[in-house]
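These are the structures in question, set out in turn.
Same chain, two partners: chain A is paired with chain B first, then with chain C.
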Partner chain A sequence: MAIVLGISAYYHDSAAALVIDGNIIAAISQERISRIKNDSTIPIEAAKSVLSFARIKPEDVDLVVFYENPFNKLERVLVNLLRTFPRSYRQFPRAISSQIGSKIWVKDTLSERLKIKREKVSFTTHHKSHAASAFFCSPFRESAVLVVDGVGEEDTTSIWYGNGQNLKFIQSIPFPHSIGLLYAGLTAYLGFEVNNGEYKVMGLSAYGSAKYLDEFSKIINIENDESFTLNLKYFSYFTDTETGFGPALEKLLGPKRNKNKPWNLNSEEDKRYADIAATLQQVTEDILKRLANRALKITGSENLCMAGGVALNVVANGKIAMQIGKNHLFIQPAAGDAGGALGSAIIGSIELGDKRPTPLKNCALGLPIETDKVKKMATDLGLSTKLLSDPAQTISEKIEANEIVCFLHGRFEWGPRSLGQRSILANPKLEETKDELNLNIKKRENFRPFAPVILGDHMDKHFEGQPDLMTPFMSTVHHVKKNKVEQLKAVTHIDRTSRVQSVDENNSKLLNNILHCVNKKTGLPIVLNTSLNGPNEPIVASAQDALLFFMRHPVETMIVEDQMISKKGL
Partner chain B sequence: MNIGGRIKTIFSLIGHFLSPSKWVLIPMLIILLFAGILLWLTNGLSYIAPFVYSLF
Partner chain C sequence: MLKILFVKFINFWVWRNPKSMAGKLYKFSLAEYGSMLDLMLASHSTLSGERSSMYLRHALDEARHSDLFRDHINYLADKYPEVKYQPEVNADIDNLFLRMPETDFLAFAYRGEKRARIQFAVYRDYFKKKKLKKEYELFAQLVHDEFEHERYIWNLLQELTGSKKSALVKTWKMAVWELGRTSLRRGRKLSNFVFTLTTIILYFISMPIALSIILFKRSKTGWHRETKI
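On to the complex of A and B.
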């Protein structure tokens, strides 16, 4: 019976998670509180939030587990600086500043700032945290676990075997050979922001053809044992923190894309970049399928759990699921570094004798929306408010009328997806809705797709597939049925895929009701569901964030639980 | 700041590198610690670059 706090920090997407007596109580990314996208600072506010939500005093916490071992990481940094000297000499001062300035003191910082005894703070390892977050949240009793990310302490890819309460390391691929860093390097080459633009590359890839496979065969080698090595002459992420790729990559693939230039996928130039993205995506999928096979073969399991930033590649997840069976693959929804906080908390909890958590059913692990506060603030701002007797009915009427609605309900989501707690909902039929959202509200590239949410028991009528272990979390894609594309223009990507979310009464009662009402009115049990945030902002968390978003964007209606807020009268 | 805790961290760090296979890193670690203290005293560098996590 223990209270365990898990923490991830210092690289990207810091987070805190709280596990009590083996139950996941709360998990919050720091960015949701600090309002800094991909915030990597030590998540003191997030940690205080999860403790305060559970009404736990810091002194009552039994164990704090940091998601990686900073000394092992420092060792890898030193070895790498030595290995790449003199090319790395320019990075030496920064390495010193970064390591000695904060990272090695994480135990002290957590202890001092959270006012928890230093003896209660411990470390685990980066990939073990990821593996634990995937396996122990899955419905599987036993499973292979594949972790693929940029780099942890020294591993970039690792295979584990989970059985009951146990997680056993099997093997790994060490830095600098990394799928995450390959993808990140090409993300930078294509003019997107590293750690924030990888999913844009994935979306862009659907517009191209994999025409650069010969060139990529020079960049990455697939070994006989299904592992891989990178040809490091094309990369610079081990000596340079700015670009990630080297001049040799530009010689091979042509000049990098100007990141400030607007995208025009009708131009030859941007078609070429789309082809490069498509090739990268295909190569990534190929490697991940091989690694998945290898993990299953080595462990003898028929189930696979995945985590690490690369497991956020929903298109690749869909391909792996096709290969191994859709109900044999589970992706922890916060698969990136934030998820390490949850994994480390579970590791600590099991070490203290608690049972593993029950399988993750939904992602509403953040703080609840304060409806009264929203109402008061809205009134103060001169907005009109109305108490709704049936919010689902009202939302369905607005969807039928092609209105875009901001919708806030319950505790905000864990992970990078809006799953109906902090969402923008719209009619999925019209392509104009997609353009309106992309251009005027989200202000993002026009090639970016939107996702639908559907009643689970209607899924196979509109998509090529049934609900599976990933669809409640939007962790995979399915093809829209050919005869349904016309009806689902706003949520069908150019390759006919869609990052579909399935809902039933058990994982979201209100969203389930909304979809039933929408179905009665429009004949479609589907709504476009995108995250409630503006460009380069974290998803809305609090009442204040919601009002700020609402006032700054051309949306007329916001529904917060049973309160409707509108701009009428402004 | 808990000075006692910080000293424990320094001892843990030294302990980590005391394994014979890691002795080669000790000179670098000493330079790193010395420079780190200087940077800490002078408020050091704070710029974070995109690939900073891959390198350090």
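On to the complex of A and C.
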């Protein structure tokens, strides 16, 4: 019976998670609190939030587990900087400053700032945290586990075997050969921001064809044992973590794309970049499928759990699921570094003798929305408020009338997806809705797709497939049925795929009701569901965040639980 | 007064071409976005529901200002190829509200708004003279908003400190605090420079270790540390 706090920090998206007596109580990314996208700072505010949500005093915490070992990481960083001597002279002071200046003191920082005794703070390892977050949240009793990311302490890819309460390391591929860093380097080459633009590359890839396979065969070599080797002359992540690729890559693939230049996929220039993205995506999918097969083969399991930043590649996940069977693949929804906080908390909990958690059913692990506060502040801002007797009915009427509605309900989501707790909902039928959302509200590239949410028991009528272990979390894609594309224009990507979320009464009662009402009105049990945030902002968490978003964007209605806020009278 | 003269004096240099103009506007956009984050934190953290709404309204203005600056950069990018588009702005938060009492935070914000209003008024007049209508309108709008912020914060500060005199004392104290902060920032810049120089020297002294790593500790490829189930 233990109270365990898991922490991930310092590289990408930091987070805190709380497990009590083996149950996942709360898990929050720091960005949701600090309002800084991909905030990697030590998540003190997130940690305090999960503790105060559970009404736990810091002194009652039995164990704090940090998701990686900073000393092992320091060793890898130093060795690799010296290995690339003298090219890494500019990176050296920065790396030393961040490693020795803050990262190795993480036990002291957590102890001092959370007011928890230092001896209660421990480390686990980066890939073990990822693996634990995937396996112990899955419904599988036993499973192979595949972790693929940029890099942890040293590993970039690892295979594990989970059985009951146990998680056993099998094998790994060490830095610098990394699928995550390959994808990140090409992300930078295509003019997107590393750690923030990878999913844009995935969306872009559908607009191109894999015409650069010969060139990519020079960049990455796949061995017969499914391991891979990067040709390091094309990369610069030892010496420049922001760019990640070297001049040789430009010689091979042509000039890099200018950052921030508006996209025009009708131009020859941008078509070339789309082809490069498509090639990268195909190569990544091919490697991941091979790695998945290897993990299953050497563990003898028929189930697979995946985590690590690369497991957020929903298109690849869909293809792996096709290969191994849709109900044999589970992806932890916060598969990136934030997920490490959850994994490390579970590891600590099991080490202290608690049972593993029950399988993750939904992602509402954040803080609840304070409806009274929203109502009061909305009134102070001159907005009009109205109590709804049937919110699901009102939302369905607005969707039928092609209105875009902001919708907030319960605790905010864990992970990068909006799953109906902090969402923008709209009619999925009209292409204009997609353009309106992309151009005026989300202000993002016009090639980016939107996702639908559907009643699970209607899924096979509109999509090629049934609900599976990933669809409740939007961790995979399905093809829209050919005869339904016309009806689902706003949520069908150019390659006819869709990152569909399935809902039933068990994982979201209110969203389930909304979809039933929409079905009655429009004949479609489907709604467009996108995250409630503006460009480069974290998804809305609190009452203030919701009102800030609502006032800044051309949306007329926001429904918070049973309160309708509108701009009438402003 | 000296500040106004200085800002007027360097106007020609700050706004010398579209690229330099975009650079300056980007800094303003960042500053406004950072203020927005700090005010959102204030709105979350204050114990008064009334002030929470006030800070939220202020945060909305700061977000709008950040957008106005960014939109103007993109307007320049449409006209001049040398100006880069700026679709997003990322700023850091100072967490000021958590680091000081609310009245100190207000005194700090008051000084910031006043400073911005004076500086933006110089720019507004400059663009009026130059007959650059869009830029003039941008800064005229900002001067108006900064004045409103200055006024409400001053009223609030007087209310919370109990008198005009106490409010004034708070602003003086914050002036001293800001001076200290500026000195610390300069000190940090200097220590960063010394640190960078020292570590680069250390890096080159480590050459024999680096060479031995290059020769004897090759990077690994393939699968490693295999364990049987």
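Here, the second predicted complex is superposed on the first by the 570 of 570 C-alpha atoms of A that agree within 3 Å, B and C clash if a C-alpha of one lies under 4 Å from a C-alpha of the other, contacts with A are read in each partner's own complex, and residues count from 1 in each chain.
By definition in this document, contacts are C-beta pairs under 8 Å (C-beta built on N, C-alpha and C of every residue); 3 or more make two chains touch, one makes a residue touch a chain.
Just so it is clear, the structure is predicted and the values come from calculations on it, not from any experiment.
A.B. asks: On the A-aligned overlay, A:Ala188 touches which partner chain: chain B = first, chain C = second, or both, or neither?
C.D. replies: A:Ala188 sits against chain B, while chain C stays out of touch.
A.B. asks: Kindly classify A:Gln466 by the partners it touches after superposition: chain B alone (first), chain C alone (second), both, or neither?
C.D. replies: neither
A.B. asks: Check whether A:Asn327 is in contact with chain B, with chain C, with both or with neither, and answer first, second, both or neither.
C.D. replies: It touches nothing on chain B or chain C.
A.B. asks: For A:Leu82, select first, second, both or neither according to whether it touches chain B, chain C, the two together, or no partner.
C.D. replies: both
A.B. asks: Take the contacts of chain A with chain B and those with chain C, and give the residues found in both.
C.D. replies: Shared contact residues on chain A (touching chain B in one complex, chain C in the other): 79-82, 88, 93, 96-97, 175-176.
A.B. asks: Which positions of chain B touch chain A when the two form their complex?
C.D. replies: Residues 1-2, 5-6, 8-9, 12-13, 16-17, 22, 24-25, 28-29, 32-33, 35-37, 39-40, 44-56 of chain B touch chain A in their complex.
A.B. asks: Write out the stretch or stretches of chain A touching chain B in their complex.
C.D. replies: It comes out as residues 11-12, 40, 71-75, 77-82, 88, 91, 93-101, 104-105, 107-108, 111-112, 118, 150-151, 175-176, 178, 181, 184, 188, 193-195, 237-244.
A.B. asks: Which stretch or stretches of chain C touch chain A in the complex?
C.D. replies: The touching residues are 37, 40, 43-44, 49-50, 52-53, 56-57, 59-60, 63-64, 67, 84-93, 192, 195-196, 199-200, 203-204, 206-207, 209-211, 213-214, 217, 219-227, 229.
A.B. asks: Hey, which residues of chain A end up touching chain C in the complex?
C.D. replies: For this pair, the touching residues of chain A are 34-37, 79-83, 85-86, 88-89, 92-93, 96-97, 161, 168-177, 223, 225, 227, 229, 258-262, 298-300, 373, 376-377, 380-381, 443, 535-536, 542, 544-545, 547-548, 551-552.
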